[in-house]
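Presented sequentially are two complexes of chain A, the first with chain B as partner and the second with chain C.
Moving on, here comes the complex of A and B:
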């Protein structure tokens, strides 16, 4: 019983760390316009809309976060191998991983923007100085919490995988959660808030992203404020739930049927979530009308 | 620079550097580990040009996937090559290239003829990428551990109360340190072309960024090698990668400034005249 309580407690802590991690990850990627929103930021100058928005194309978010978290975990593992204190090792590992993230971010912005010279998009060097550091700060929180969570899984719950391998698994999951949950909020809503609500993104509006703010010009830093209100916490809840339910079902049901109990519980959880998703979708379609009529109205 | 010239320089440079790491075994020291990282830089430099060649067939979003397939297939070839010890350790780098070429050709054939992607350069490019992946992992592995022999990669020592104890979980493969090398290579090989993609992409800038990605990967591996190598050997690797990184990063800024439309500091949006 005590072991079970300990396991649930660790699951709760890991879930809480994952929630912070997911929220920070999505805020970071929205400030840097990584992933889904990047294509429109990239397209805008080609359609004649010069902007001052950061464009950070380091593959997709899942592989990129796969690298940052694996790097943080791997360096922490190496430092722990020479008997560093785990907390210090994780902090140092995450800090070096964030340094690499910052380097990749600057080269991605410079590369993409310089390659758009034909469309008269200048390189705004002050963006590199101001925005990169903010994305690095958010990325540090995301990586540090994710690696700490992996460390808890290995050392408290006795997960058989070594730390760097868990880093790769949960890093990719973290990137995927942020990319799928929070990014559309920025990429489909905020970039197009000047368009009619619910109109989708018609081809004629492609690249016509919002470039001016209430006062002056929109900076990518504003996206941090915007994302931290809804997109970030939503991603955090998503990733936190994934981690918590994953650990919870393993701890509770692993003793049944030689481990198969946890597998069955996982399948049941997936089915429950599929039913919830379907209900939400049906509710949304019923409340906001069919998509096709909207399209006819705007065309 | 023609692709064949990049291929030649990358392949030959990488293999020569791989053999230079063997000086570690010959002289009984660990200082030559950093040559493994240089081999990886050569391989990544060449791989970037291959990805550019392959993706000129309209694979825009396929650039990161090309990096993943390169390292994913390469790591298999690399582990198999290090495991074969019937011909002695000196054959491993060449064997690694041969196995990777065969594996890459098979994967390329499946992608092109069975999945029907129908890209003329597919088989050759995937074979090249597989070699790039294998050599990158082998190089960075040699840099982290000082060796490329399988038996050394699964033997680790952990210290308990000052007494060294053999422990599989503390080894390079058992500790999962290869996962770090895998991800470093997978992002580094695709990043340069993915970042410089666009109508004004120029080869020298892209290849400079490729070298920069290689050196930053080396930098990370040099820090990770504290778990396996003596502190002085780590310091040599660290300094070499730091110097290489600072040089290529600065050079990349210069080249970007050359190619950029304008280089503005804290200036407002410059609207086009006709817009």
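Moving on, here comes the complex of A and C:
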């Protein structure tokens, strides 16, 4: 019983760490414009819209976070192997991984933006100074919490994978969950804030992103401020639920029916989420209604 | 024929390439059978089947890429490979944990882990679309949802190809996660058995001493092979796919052959680490 309670407690802590990690990951990627909406940041100057939005999308979020979390986890693992305190090892590992992220962000911004020189898009040096450090700070939180979560899985819950391997697994999953959940909010609601609410961006409007703020030109830091109110927390909830429920169903139900209990619990959870999704979908159709007459559409 | 122009079924398959691929597959299986007809051969067979499952499963995952991030097309706003990898690796995490309960429980645990990851992710995607963006789900590829019967044409906003995740895409995402988790776990477990069998002799050590090395090697090879198969399937899809109702889904036979060959070749290399 005591072991079970300990396991559930660790699952809750890991879930909380994952929630913070997911929120920080999405906010970092939105400030640095690393997700899929960056296609519009890259396209805008080609359509004549010069902007001051950061651009570091030379790889997707999942492989990038796979790299950074693996670096953080691998370095922490190596430091722990030479008897460093685990907390200090994870902090140092994450800090070194963040320097790699900083180098990546700087070179990515310079490379991506310089490639737009023929469209007269300037490279803003002050942007590198002001935005890069902010993405690094958010990346540190995301990596530190993700590696801490992996450490708990190995040392407290006894997962067989070594720490660096869990860094790859959960780093990629973190990027996948964060980009899947956070990208539409950053893309549609922020980059195209001038478009009508409650509808997708017409393809003809592509590239015409919002470039001005209340005073002066919009900065990527403004984008982080905006998405941290919805896209970031939602990404955090997504990744937190994935981690917590994966651990919880295993720890709580694995002892039933020779391991099949965790499988059945997983199936029940999937069905519950499926029902909730269908309810959300039906609610949206009923509340928002069709854009055009149904008859016209089926004709 | 280019990948972009390829249609469904066997269309787009070059007979010469298919024959060369099958010869490579048979050659890989034959070499391993010749060297070790027992554990290693069965391991390679498991790796090939795992690769097929991953390649097939990726086709179910609804991925909308960059246009989905602006609500211009349906699906999840990220890349095919990485979303599938995220789900499959989450499954691998669960499967590896359940390995002590036997093959069946571990495979089921891996499959459900991948499915659960996709179920949560797809739900959060729809929650963002509906509650944060005020946009209902609408498919751009079919007029009606094959499961719920919902019509889509009137629910597509002007100038877009649809948006969000219709229920058929949600179900496709979960199936894709299940197949990915199952395939990744199968590859891991088969390689783990091979390493646990051969490493003690190779390193002249006890099974307990090589356990950590075997788990690490099997885990990293399983992740690598997962990415190989997911990338092949992503190339076959070329960009975006809505799920099992998308016409691009019919292209899966080509990916299945490609994944079988790639898995066999990668599997041979993974097994040769301890066999030769």
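Heads up, the rule we're going with is that the second predicted complex is superposed on the first by the 288 of 299 C-alpha atoms of A that agree within 3 Å, B and C clash if a C-alpha of one lies under 4 Å from a C-alpha of the other, contacts with A are read in each partner's own complex, and residues count from 1 in each chain.
Here, contacts are C-beta pairs under 8 Å (C-beta built on N, C-alpha and C of every residue); 3 or more make two chains touch, one makes a residue touch a chain.
Model, not experiment: these values are computed from the prediction.
Asker: Name the contact category of A:48: first (chain B only), second (chain C only), both, or neither.
Answerer: It touches chain B, and chain C stays clear.
Asker: Check the residue A:17 against both partner chains and state whether it touches chain B (first), chain C (second), both, or neither.
Answerer: neither
Asker: Is the number of chain A residues in contact higher for chain B or for chain C?
Answerer: C
Asker: Is A:143 contacted by the first partner chain B, the second partner chain C, both or neither?
Answerer: neither
Asker: Tell me the contact category for A:60 with respect to chain B and chain C: first, second, both or neither.
Answerer: In the superposed model, A:60 contacts both chain B and chain C.
Asker: Is A:103 in contact with chain B, with chain C, with both, or with neither (first, second, both, neither)?
Answerer: first
Asker: Touch check for A:165: first (chain B), second (chain C), both, or neither?
Answerer: After superposing on A, A:165 lies in contact with both chain B and chain C.
Asker: For A:278, decide between first (touching chain B), second (touching chain C), both and neither.
Answerer: second
Asker: One more residue to check, A:180. First (chain B), second (chain C), both or neither?
Answerer: Touch partner of A:180: chain C, not chain B.
Asker: For chain A, what residues appear in both contact lists, the one with chain B and the one with chain C?
Answerer: In chain A, positions 60, 63, 161-162, 165, 168 sit in both the chain B and chain C interfaces.
Asker: Across the complex, what residues on chain A touch chain B?
Answerer: 48-52, 57-60, 63-64, 66-67, 70-71, 73-75, 77-79, 81-83, 96, 100, 103-104, 107-108, 110-126, 161-165, 167-168, 211-212, 217
Asker: Within the complex, which stretch of chain B touches chain A?
Answerer: 63-64, 67-68, 158-159, 169-170, 174-177, 179-180, 182-184, 186-187, 190-192, 194-201, 205-206, 209, 212-213, 216, 219-220, 223-227, 249, 252-253, 256-257, 259-272, 274-275
Asker: Sort out for me which residues of chain A touch chain C in the complex.
Answerer: 35-37, 39-40, 60-63, 159-162, 165-166, 168-170, 172-173, 175-177, 179-189, 191-192, 197-206, 230-231, 234-235, 237-238, 241-242, 245-246, 249-250, 254, 258-260, 262-263, 266-267, 269-270, 273-274, 276-278, 280-281, 283-285, 288, 290-294, 296-298
Asker: Name, in rising order, each residue of chain C that touches chain A in their complex.
Answerer: The touching residues are 65-72, 76-79, 82-83, 85-87, 89-90, 92-94, 96-99, 101-102, 105, 108-109, 112-113, 115-117, 119-137, 143, 148, 150-151, 153-161, 163-167, 170-171, 174, 212, 215-216, 219-220, 223.
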